[in-house]
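Each chain carries a letter (A, B, C and D) given by its place in the written order, and its residues are counted from 1.
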Amino acid sequence: MTRSAVRTAPGSLVREAAGRLAGGGSGTVFALLVLIFAVVFALNPSFAEPPSLLAFVKKAAPLVILAVGQYLVIVSGELDLSVGSLVGAQVVIAAALIDGEPDRTVPVVLLMIAFGAVVGLVNGLVTTVLRVPSIITTLGTMLVLYGAIRLWTGGAPTGALSEAFRQPGRGGIEDLPVIGQLPWALLILLAVGAAAIVLMRLPYGRMLVATGDNDTAARFSGVRVWRVRTVAFVLSSLLATVAGILIGGYAGVTAQVGDGLEFMAITAVVLGGVVLGGGRGTVVAAMAGALTVEALFTLFNQLSLPSTIQPTVQGLIIIAAVGYAARERTRRSPRSAEPQSPQPDTPMEPSRDGSR
Amino acid sequence: TTDVPDDDDAAAAGPAPDQEWFDPEEFERQLAQREITPEGPEDQPWLQAIEPEMVDTGEYRLEGEEAEAPTVCFSNASVSNPWRVTGWITMQQQVEVLQDSGEIGEFRVSDAADDDNQQISDIQAFVDAGDCAAIIISPSTTATLTPAVEAACESGAPVIVFDRGVDTDCAVTFIHPIGGYAFGADAAEFLVEELEPGSTVLALRILPGVDVLEHRWAAAQQVFGESDLEILGHEFTEGDGAQIKDLVTQYLQRGDVDGIWMDAGDGAVAALEAFEDSGRPYPVISGEDELSFMRKWQEEDITAIAPVYSNFQWRTPVLAATRILNGEEVPEEWVLPQEPVTAADLDDYLERNADMPSLHYAKFGGEDLPGFPEAWQDR
Amino acid sequence: MTSRTTAPVRVRTDRIGTTGLVYLALVAILLGGAALAATGGHNLLGTANVVDMLTRSSLLGFAAIGQTMVILCRSLDLSVGYVMALCSVVAATTMAGDPARIGLGIAAALAVAALIGLVNGLVITRLKVNAFIATLGTGLIIKGYLDTQYKGPAGEVPAIFQAFGYTRIGFVPLSAAVMIAVAVLAVLFLRTTRTGYHMYAVGGDADVARMSGIRVDRPVIAAHVLCSMAAGAAGLLIAARFGTGSTLVYASGYELESIAAVVLGGTYLLGGRGGVAGTVAGVLILAVLDSLFNVLAVDPFFKDVLRGVIVIAAVAIYARRQVDRGAGRPRFSGGGADAGAGGVGAAPPPVPAGREGGRT
Amino acid sequence: MSAPPSDPPLLRMSGIGKSFLGVDVLTGVDLEVRAGEVHALVGENGAGKSTLMKILAGVHSADAGVIELSGRRVAFDHPVRAQQAGVSTVFQEFNLLPERTVAENVHLGREPRRRGRVDARRMADDTARLLGDLGLAGISPHSRVRSLSVAEQQIVEVVKALSHDARVISMDEPTAALAGHEVALLYRLVRRLRDRGVAVLYVSHRLKEIFDLCDRITVLKDGRRVDTVEAGRTTSEELIRMMVGRPVSAFFPGKAEGTEPGPVRLEVVRGGNDRVDGIGLRVRGGEVVGLAGLQGSGRTEIAHALFGIDRFTRGELRVDGRRTRIRSPHQAVRSGIALVTEDRKTQGLALHQSVLANGRLVLDAVLPTRARRGARRLPGFFSSLELVARDTAQEVRFLSGGNQQKVVLAKWLATEPAVIVLDEPTRGIDVGAKRAVYALIRELAASGVAILLISSELGEVIGLADRIVVLHDGRIAGELPGGSGEEDVMALAVGHRGAEEDAS
């Protein structure tokens, strides 16, 4: 009477891979993404040509990168509202310090990275060590950054970015056949995306998700929760710095850079089926969420939707998509008023082998 | 889609949206004012006035001890964009001069950070404090600040309003350049002139609902309406370079864009870059007298114009305050000159501002102030 | 600067509740701020400044009172700024300058607000959309509507109604008095109605509430309706103060500021603990700081920096207290290196009343 | 005092069937509970006990079958409907709001009103009366539940159930979180209820309680009723046979032959902090030391202090002879200590993560360089623990309690610890799973690991431990050899020296 131990059902590798890609409620986002692109292509077949697509990627890259950072923080059970301000701050810092001098580009970029790391570190430590809810911590950081940068520059950005600084966001490998320019932004995006996927498969990634799922259990398993979360905040801030470099490079410095990006990034991540509160969802889906948000704006444009009405449509789609994903999640499990009971969404093995 | 009040109400409240901001009389007046030579010292445009109707300010004249270093209070809407930052520096430099000469004592400032309610409180606080010899107000939005400005007027201190307006004429003087209609028309007329009939124009706007900006667009619509240009659309960008560049790029993916009309010029460079990056020839474009745009214009030899919303107007209110407190008469509506920068004087303005940062405004009018140029450079 | 005044009371802070602490902080900041202002020759407690503080607090006050209820239910409302803007427009366009239509305007604004709250509540409870996203979404929807429909301020508020924004009773602005009255009503609501009780229950533990027969959706929906209506009241105040409806109010960040005020007031962000009394103190603290900064002519951007730091610091202090409280009653005086000195004050052990019954 | 068998039963459930997603969980279950009877419901993990109770309580609805109360057919679609009809349930998880008062909790969802306002005074008075009736006047209606002990909270739960004028009360493992004297308190409560003519349905895995308390016993297995028997006419062995379907011999596996205790691996000298004091412990490799004591006596606190969740602020700690200061679980694991916590859901598992991810979490966190190698050995641990799961990618929340506990154990085994602290390792798991855990403990000991076993089931400590250290009020009250009598352990635990005063 030996009980069957863990069995690996046939086809489960495929299912596991698919599941890992899509995560819990993230099927919706991939469907939505495909749908939006289909409509865009139908409306404007020229959009499917490589140069247009690459232009899209160039524009979308910063948000996708921010979404990766936001994902890391959200999946660990926290929230980072400071990234928009940080992007703005970094661009303003870059313009003020580089002030048009090409030789200053590299040192200033290094300084920005250091600054990003410090902001992330403060967010992380205040949240983990001082136990301030991260929504408040990062709201505070947002205010502090917003004020401090303007205090420093007297209200509006000063200085100018160098051409070299603008390369990553604007330039690329030129004169390629068919596609023309291969944007650095795409390469950076791919690198960040790949690194994120690898990171999530490393011990750190698993610790991060476990921490978001149940931080007590994680701590009791030897996870240094404060460190894991602080690192997530630091990564988020570093990625915001990268996004800042790309945005500054893409469009130069304006006073509004970064405004509202935090909500865009959070929206993107949640649209990707990542659950606010932590522990669920994949980084690939979060990136898809960001692409979806950007694609949505493109669609609005292709539809010549007046720009004032766009927020309304955006709001409706976000609510509908998240609501639909939530419905999918609950629909597959039985209704139950049972307290704290796990709600299985797949049939479970009967607990005794004898019965079947 | 939303739970809204019945639409009839909104519709009944005003004319069709596009007409809402269009006042034909004012439009005509502003267009005409462009041609009128202003009165006043030629080298000090901030003291010039177009067709001024002077008012007597004897009642505000300070005597004896009171006249020594009076406290002037300034309620600022915000310094949240480069135009306002430039102007605010200029104003402070002007105040320093007046403080040194003893014409102003304390210069008390509150900044509402674009929050109307905050500004109402700020003005109220000045009134309650009771020791403001004069109150200068740069209103955040027109209609909403009206009651507060009225309250300030009732306090007895002379009130000076500048830049954006209010719906009351209780202020001793309202200082402003010719206005949004003139700005928008300057830009639109230039496009009409430079572009072949049938050309396409994209309009880029910052945000809806701000009168100075709405007037610019209303005027442009008027001008374009009588032209043979095809307006591809008008888009709100919140002044964000990334959005501007993305929008323009997308329009270019769909077809040609021959001209760009903007209601504020600080994002003009981003729009131009979209053309560069798509490998398209530069459009005919209207920007603003902001240096990054003007430099680009010069470097690339673009067909462009920079309408101006005279930044030097920030000097005028404090000067007006000292005049009023001296009992000297001032124009009731102090209309300052407003002349676009054209290809003809582009080089001249760029040379004069060669050491200024890129988000500086060419017609800031502070060259003669003691702090020049450091104060504008080290912001 | 304020440590001087808080030091003597610090010893006892663990005895008083968080709300008490918030009020102590308010008094400390008021006194400290007054002292600081006095060194610069200003009187922070003078009528003008007190009026200023109270006026400043009323608008945020309405928003924050509503936000408190929502947060108590472990929800969140990021649409309050948009609701305020919309309601100001609805009120002003409905009144259209006609004193006879004031009542209608108020009713219309509050009805619209209630409807939005209802939608928020339903989307959160029925569609199971996270409150953060749901209310961000409704906010966007309203923003789109406002930007499309109104090209700027709209409508006109009759002079009598503007009195709501400007009248004072003694030195208390009418709007502040109304705000305090609403706060008192909210406190009574939370403490004496079933729905109020159930808000705490749902925020504390929705599963427990559900198992106890509470229809957990209802308090959440009610909280959202009330929150939106409070925001609607703020919109009315805006209309009264502006004399017209203003669409651009949504850019002023009231949603985040109201959340900051609520947590500053000691309400637990994860629900179930706290209350409106604390929130009022939180709002007043922010207003006092604002007035102080104004009096001291602090750069507006520096204000943002200070606000950010203060909110974080305050919440860090509450969090510290929470940790200490969770640690429970010590049995042995801890920390000392001397092992023998331990259990001096050990409580008598709970002795079981014998092992009842026996073996079968 | 129980009603004569001929009376119509107060509660009758007949032919109850329920399936979740096509899997039958209950099939044709019949159950009768009489007024004034304490009726036990027993069975292995997953047998369907909780499901049956939840159907009765109106949490789930049955797919088939009939429920009758005093002969009248009923069907509840919500717990409140059941309560209104006089059927109250004390669920296993606490159903209280820690931030609210006792009175508020007791009346939660049914706050009495006067003129539209909640009548707080009446709530307090009613609660005080209920507590008084049960001889529990010590608990104030105004106390915040958070400030109460676990046992007091459990009592508030029962009071809450009672406040509905319940005729039927069902309790799902009410003693799972209680120990010693607290169980006694609950016994008293249950007996009072029975004496008042309430029908009590009682679920427990602790057979001793069943025999102490219950009149009749219904055994479930695989969702079917095996039998209903009079408590007085059966034995534990018989019950276990019915539950498991096979005889259970040698419940506690003996020591493997020839295992001699090795060197001292864990040593605490005069350890203390603000909850425990003067703790001296030595555990040798291959040795199982039991830690017994009443609820709150400090057993978990010692485990937490050893593991760096809390700290010893005094005294010394040695692992394998090396003096160590442990400030975090991370350091504890590095020093070779493992802790199986007492509450697996809140402290042991990341429920939305896979079996594999949970299994390798400690390796990931503390020994990342060894993680890959360690993770490769996990499947081995899973199968030797007889884990039943669809595959290792399955989220652990879908596993039954016992299988979840096995994942926790595997997670710690993979770290090859020198010392394992097991805090209530069998809480809430069934007999079969328990046996697997017992065997594992023995195996581990045989492989030279030092084991500290904390359990509120005295039989477990006595049956498994080589030595039993008994705590009383944060201090060590004494030490007894394994296999000592329960009375001796209890005497030390309650603070009496010696066994003479044990009531029986």
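Keep this in mind: a contact is a pair of C-beta atoms (placed from the backbone, for glycine too) under 8 Å apart; a residue touches a chain by one contact, two chains touch by 3 or more.
All values reported here derive from a predicted model rather than from experimental measurement.
Participant: Among the remaining chains, which ones contact both chain B and chain D?
Facilitator: Shared contacts of chain B and chain D: A, C.
Participant: Let me spell it out: compute each chain's centre from its C-alpha atoms, then which one is farthest from chain A's centre?
Facilitator: Most remote chain from chain A, centroid-wise, comes out as D.
Participant: As a quick test, compute the distance in whole Å between the mean CA positions of chain B and chain C.
Facilitator: The separation of the two C-alpha centroids amounts to 37 Å.
Participant: Return the distance between the CA-based centres of chain A and chain D, expressed in whole Å.
Facilitator: One centre to the other, that is 42 Å.
Participant: Please compute the C-alpha centroid of chain A, do the same for chain C, then give the distance between them in whole Å.
Facilitator: Their C-alpha centroids are separated by 30 Å.
Participant: Pull out every residue in chain B that's touching 2 or more other chains.
Facilitator: Within chain B, the residues that touch at least two other chains are 1-2, 79, 208, 236.
Participant: At which residue positions does chain A touch at least two other chains?
Facilitator: 150, 155, 308, 312, 316, 337, 339-340, in rising order.
Participant: By residue number and range, which residues of chain D touch two or more other chains?
Facilitator: 59, 78-79, 91, 95
Participant: Chain pairs that touch, all of them, please.
Facilitator: A-B, A-C, A-D, B-C, C-D
Participant: Touching chain D in the complex: which residues of chain C?
Facilitator: Chain C residues touching chain D: 191-194, 196-198, 200-201, 204-205, 207-209, 211-214, 272-273, 328, 330-339, 342-343, 346-347, 349-360.
Participant: Where on chain D is chain A touching in the complex?
Facilitator: Chain D residues touching chain A: 20-23, 44-46, 54, 59-60, 78-79, 91, 93, 95, 222, 245, 307, 309, 328-330, 332-334, 339, 341, 345-353, 355, 357-358, 360-366, 368, 371, 379, 382-383, 386-394, 397-400, 402-403, 411.
Participant: Okay, in this complex, where on chain B does chain C touch?
Facilitator: These residues of chain B touch chain C: 1-5, 7, 9-10, 13-14, 17, 20-21, 78-79, 108-118, 120-122, 124-125, 128-130, 141-148, 151, 207-211, 214, 236.
Participant: In their shared complex, at which residues does chain C touch chain B?
Facilitator: Chain C reaches chain B through residues 47-49, 51-52, 55-56, 59, 86, 89-90, 93-94, 96, 108, 112, 115-116, 119, 141-142, 145, 147, 149-155, 162, 165-166, 238, 241-244, 246-249, 251-252, 291, 294, 297, 299-300, 303-304.
Participant: Mind listing the chain D positions that touch chain C in their complex?
Facilitator: Within the complex, chain D touches chain C at residues 59, 78-80, 83, 91, 94-100, 104, 108-111, 113, 116-118, 120, 180-182, 184-185, 187-188, 191, 211-213, 231-232, 270, 272-278, 294, 296, 298, 313-315, 472-475, 490, 494-495, 502-504.
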